[in-house]
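Look for subunit A in each of the two complexes below; its partner is subunit B in the first and subunit C in the second.
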Partner chain A sequence: MLRAAAAADQLAILALARADSLPAFASDGVLSSSEVFSQQLVTGLSNGMIIALIAIGYTMVYGIVELINFAHGDLCMLGAFFALTAVGAFALEGAGGAGGTAGLVALLLATAAFCGALNWSINRLAYRPLRSASKLSLLVSAIGASFVLVNLGLFWGGLPMEVFAGGTSAAAPKAFPALVEPKPAFTVGDVIVSRPDVLVLAVTVPLMLALTWLVRFTKLGKAMRAVAQNPTAASLMGIDVERVIGATFFIGGALGGFATVVYSIYNQTVGFQMGYRMGMDAFIAAVLGGIGNLPGAVLGGLVIGVVRAMSDGYVEARWTNAIVFGLLILILVFRPSGLLGAKLREKV
Partner chain B sequence: MSAAPLLRVANLKCAFGRAEVLHGVHLEVHAGEIVSLIGANGAGKSTTLMSISRIHRQATGCIEFDGRSIAGMAPEQVVRLGLVQVPEGRRIFPRLTVRENLEMGAFTRTDRAGIAEDIDRMCGMFPILRERAGQLGGTLSGGEQQMLAIARALMSRPRLLMMDEPSMGIAPLLVAQIFRTVRDVLRAQGVTILLVEQNANAALRMSDRAYVLETGNVALSGTGAELLRDERVRAAYLGH
Partner chain C sequence: MLRKTASALAACAISALLIAAAPSAPAATGSAAPPSLTIVSSLPRTGSANSQTTSIVNGIKMAIEERGGKIGEFEIRYEDMDDASPQKGNWDQNIEAANANKAAKDPTCVGYIGTYNSGAAKIAMPILNKAGLVMVSPGNTYPGLTKPGAGEANEPKIYRPSGTISYFRVVPTDDIQGAVACEFCAKDLGSKKAFILHDRELYGKGIADVFKKSAPGMGIEVAGFEGIDPKASNYRSLVTKIRSTGADVVFYGGTTQTNAAQILKDLRSGGCKVPFVTPDGTFENAYIEAAGKDAMAPESGSVYITFGGLPSEQLTGRGAEFVERYKKKHGEVPEAYAVYGYEACKVLLDAIDRAATKNDRAAVLAAVAATKDFQGALGTWSFDANGDTTNRLMSINTVKDGKFAFVKAAGGGTGQAK
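Coming up: the complex of A and B.
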């Protein structure tokens, strides 16, 4: 299992170096340069919204326990395998019409519940016992949790056979069925907005609005902010701090679950190493926007998505990671607390 | 005074690492009383309150509220029983509005109408809170934050309110005003008070009884009037 983890790590780095490019509809047909731009923008915004939804999970957890939850991306990866297994078990593929839509909604909800429960359990087992320990111990525990999840993913998705010999092994990326077919939904000029693009918006926007409402107006949301700002005072108000932290992990995990289903349908491949890529993008997005800041996570996600798409389209896919990290460094140099991170930092 | 005390603390010990800070504190507060706890800096007053509120879970000894032991409880359970603290340094939620701060005070309650009514009552008691209702807690002045902290604690409808140095950093004139308001309102509602104060003179004057804490032990106790006359108290805490 240990060796598998090491292999996973190398693979992840390989995957990162290869920077598998996103599906670009711009490549077929003859498009004017402004249409290429618009087309890349659509792709970038869609991926950006997915990244944003994952980034919210990082930023919520950071806001409340000051932990960079390194297991978050791998949690999403396990969610993708859960979804893949569910699609097979309930024969969701090819079920069109109203039945297909109902199946997709059920898949989204089930995966969200799975990821939420898993994230809640990770907090319970790996983080809560370390609440009074140093932040470094907590971080190390998060990295450990990440390894455990990657190995579970390997187990679930198949053990590596010839991982470096051409990707034909069981652990190679698997095709995720196109539950929403990548056909144009509508066109604006010559720019195609595909049905998966619409799916992304239909899932992410309502969730972000619902989360905003929850955090701003509900009793739980206010308690989450209170715990983030002063846990001792929150205790003295009669708030069960650990319960609120657990709820935060559940919600952050569930959002990751929604995101991973949409990501898998949008990009049509899943693999045990995908958590690294998803986690890294979302982590950068959260830091870019100002970690602990919810609108910041969304803004950061959109920036990363668009920059990736533009780099893939105009530079070259292999430079994309360098450009994304370069941008992160640049922004942190000039705005160390991120784009929306204020002086008086708002957590959660 | 013959009835069982509302709060009974006996042999309370609390240590941080190897350093024991409380060496066996005894104190009692009866329903309807105002009791104060005075002592020098570092005597262990705040540690005593935090141990009673169960924030310092490592504290040992007997803590009984209304006849039942709360020594094994979680802090939120203690609040639900009606034993509530206004902590030292106020601990306002800086990025919640004044109104949201008050709502958090009522976290253990579910009666929406009653909560709204109580928020209104608090704003009547401290009119500045009504003016600042939509403003972030962190933008209030020190004195305003203290009023908010007291009002926030009262939102839970406590039976016993523990206040840790409510006068800290506040102009003497305002202190007198806050004390008077709080005493009158609480008396009217039958809320019992355990008050920790640096300002021994003011505290003893408004208290029925008082305890003097010295390096983790109760050195003296008596009625407010007795302690005001006591030579040792006069020398050490009243400055004459």
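Coming up: the complex of A and C.
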């Protein structure tokens, strides 16, 4: 806060200095302290919503099979490579107007289907055979799956396509075209709400509402809740437990697919190592909100996003990870089941 | 946590495999075969530095070919070692240590060209120093490796356990580069207020520290000095902070691998169009590719990259001849570091030639240390008492139409004297 006040004091001097010596750079305004706060909030919420969408994939899977699916972040990474490949193959970049919007929607749906199918397959191959084994075996299997995916990403980035810079350096970060241009959608004073910010909102909120509807009001949702509560009892009631688990993996993966397209457009970068950070942030969000709890994951994601932004803005970027994990420890000490976690069950 | 441990384990396993897979040191040459000397290079061949290191290796090979692969009765053999692991996509300390140990144990080895990363040099230097093996780096720019007082208190002593200097470099150090960048911001860009970022790594922080130290003398106020998280998904909140200070230039001490392109993209997306200046850790095509064309477009704001030398196209004299030959042989303009690989190998071969006993490491080391008024591709230069080149040639570059474009030479000495 002191910092912000000091910055405000210097504004007048700066304005003068800029006016006479730096006409070339005068296009962007200097923010006042309240504008800084609002801008950080916008950034935090946008990042938070993306984290939340990924966190749902963690928390859904945990809720139903009590597995921390460590491969989830890397699944999203592969989704980003899939999306970038599609952008290159169908020349989605630069297709403006209605065609561009249709392309973007198609890209979102295709990537979601890809990630959903991939997550379903991982469950089928790596987790289902271990259903009756100890939870630890399942966890190790998830870590293994994560490694396989990372290396697939490394291989994928080396494909000789123009979007991968001809595949010359597989490990280098790749530029993801700005399908939604990073231009201001609208500004309040000097606070910029960019078009990608709007995209994040336009994709995540309907998805979260749809998911809530699915879990609360459909037959599948009811079955999912039943399996989460007690798989044995659910199967005795005639629910095909494995089919419900498969569907959960598909939905969680698909949400990750949506998230990864939004993430890639927002950050304009994809790389084979991005899954680690995506997964880690989302995992913390899921735990913070109460793992297994859907609204909790969303709340956790938003909290992480905003705390990160505020810490970068008002403390110092190098303390941000320490602050986020410190917060996690504090919350787990005082509320062991997370912010919205209902009760503490025996878990992995 | 589990994942971290697991990835560390995997890295160990991979490095173990690499060590096992590498061919063992050649046995003593038979009486029939001509006596041979080995020169090795240890560079990150896997990962995004690959295009730079490929051209360095090409430069080294060309220097050896020029001598017909022979010095006196000795045949010169060359081994191209990789110090990177696919898991990190960057140099790996376990692999660098293994490379240095392997070279130290090979009795025919008389020269070690490397490393590319200053952090890797810290690992290799003490190992090679104990073995009395001379090391010539084509890429390390961290001052503390050679200059007393420029780095940590115990540097560079800890890299010289034997007490003699066995490490040399053909590139000017960061303290010169950071100061040159600062001078360019003040004089050419007219900056009054700089926001300085660094990646908290040896190279990046070192160069940012020098920039910060030089700023007041150049009339630049330091609006902020921050270490970033090089793995963050974006830096939007940092951009807001930068905008709030009203800084008129952003300097990032970092590399392509530590997310320089992401910072640039977030600056531009966040509505901050001030010039973005980075050191030569971003002077590679991977930086342009990672940033994409929108962030590098002229209307988005200007981008400058300092480089501790001249880009290949701007070289004159012997340097230009090298570039011509390289183009003929490989069909492309060499990346910026190629000529440093060439120069490092040339100075080493020259020293072997001058050494009284060519297969004696101590004699070769003494000959390298005695290098004076060497007429190479970078002009006429010498090694000073610390093992640094006396060449101070630098350049400021920008990006135009997806390619690096030379702006101006900087840093005083032309390096092309005589």
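Couple of notes before you dig in:
The rule is short, and it goes like this: the second predicted complex is superposed on the first by the 302 of 348 C-alpha atoms of A that agree within 3 Å, B and C clash if a C-alpha of one lies under 4 Å from a C-alpha of the other, contacts with A are read in each partner's own complex, and residues count from 1 in each chain.
The criterion applied here is as follows: contacts are C-beta pairs under 8 Å (C-beta built on N, C-alpha and C of every residue); 3 or more make two chains touch, one makes a residue touch a chain.
On a predicted model such as this, the values are computed, not experimentally measured, just so you know.
By the touch criterion defined above, A:276 reaches subunit C but does not reach subunit B.
Of the two partner chains placed around the shared chain by superposition, neither subunit B nor subunit C is touched by A:201.
In the superposed model, A:309 makes contact with subunit C only, not with subunit B. By the touch criterion stated above, A:126 is placed in contact with neither subunit B nor subunit C.
By the document's definition of touching, of the two partners only subunit C reaches A:44; subunit B does not. In the superposition on chain A, A:323 makes contact with neither subunit B nor subunit C. Of the two partner chains placed by the overlay, only subunit C lies in contact with A:175; subunit B stays clear of it. Taking subunit A as the reference, the larger set of touched residues comes from C, when subunit B and subunit C are compared. Common to the subunit B and subunit C interfaces on subunit A is no residue.
Every residue of subunit C that touches subunit A in the complex is listed here, in rising order: 2-3, 6-7, 10, 46-48, 50-51, 86, 89-90, 190-193, 200, 226-229, 231-238, 240-241, 243-246, 248, 256, 259, 261-262, 265-266, 268-275, 285-286, 289-295. By the touch criterion given at the top, residues 219, 222-223, 225-226, 229-230, 232-241, 344, 346-347 of subunit A touch subunit B in their complex. Residues of subunit A touching subunit C in their complex: 4, 7, 10-11, 14, 17-18, 21-22, 25, 27-31, 33, 35-36, 39-40, 43-44, 46-47, 70, 139, 143, 146-147, 151, 154, 165, 168-169, 171-178, 181-182, 184, 190, 192, 194, 196, 263, 266-269, 272-274, 276-278, 281, 308-310, 312-313, 316-318, 320-321.
Contacts from subunit B toward subunit A in the complex involve residues 53, 55, 74-76, 79-80, 84-85, 87, 91-96, 100, 103-105, 107-108, 138, 152-153, 156.
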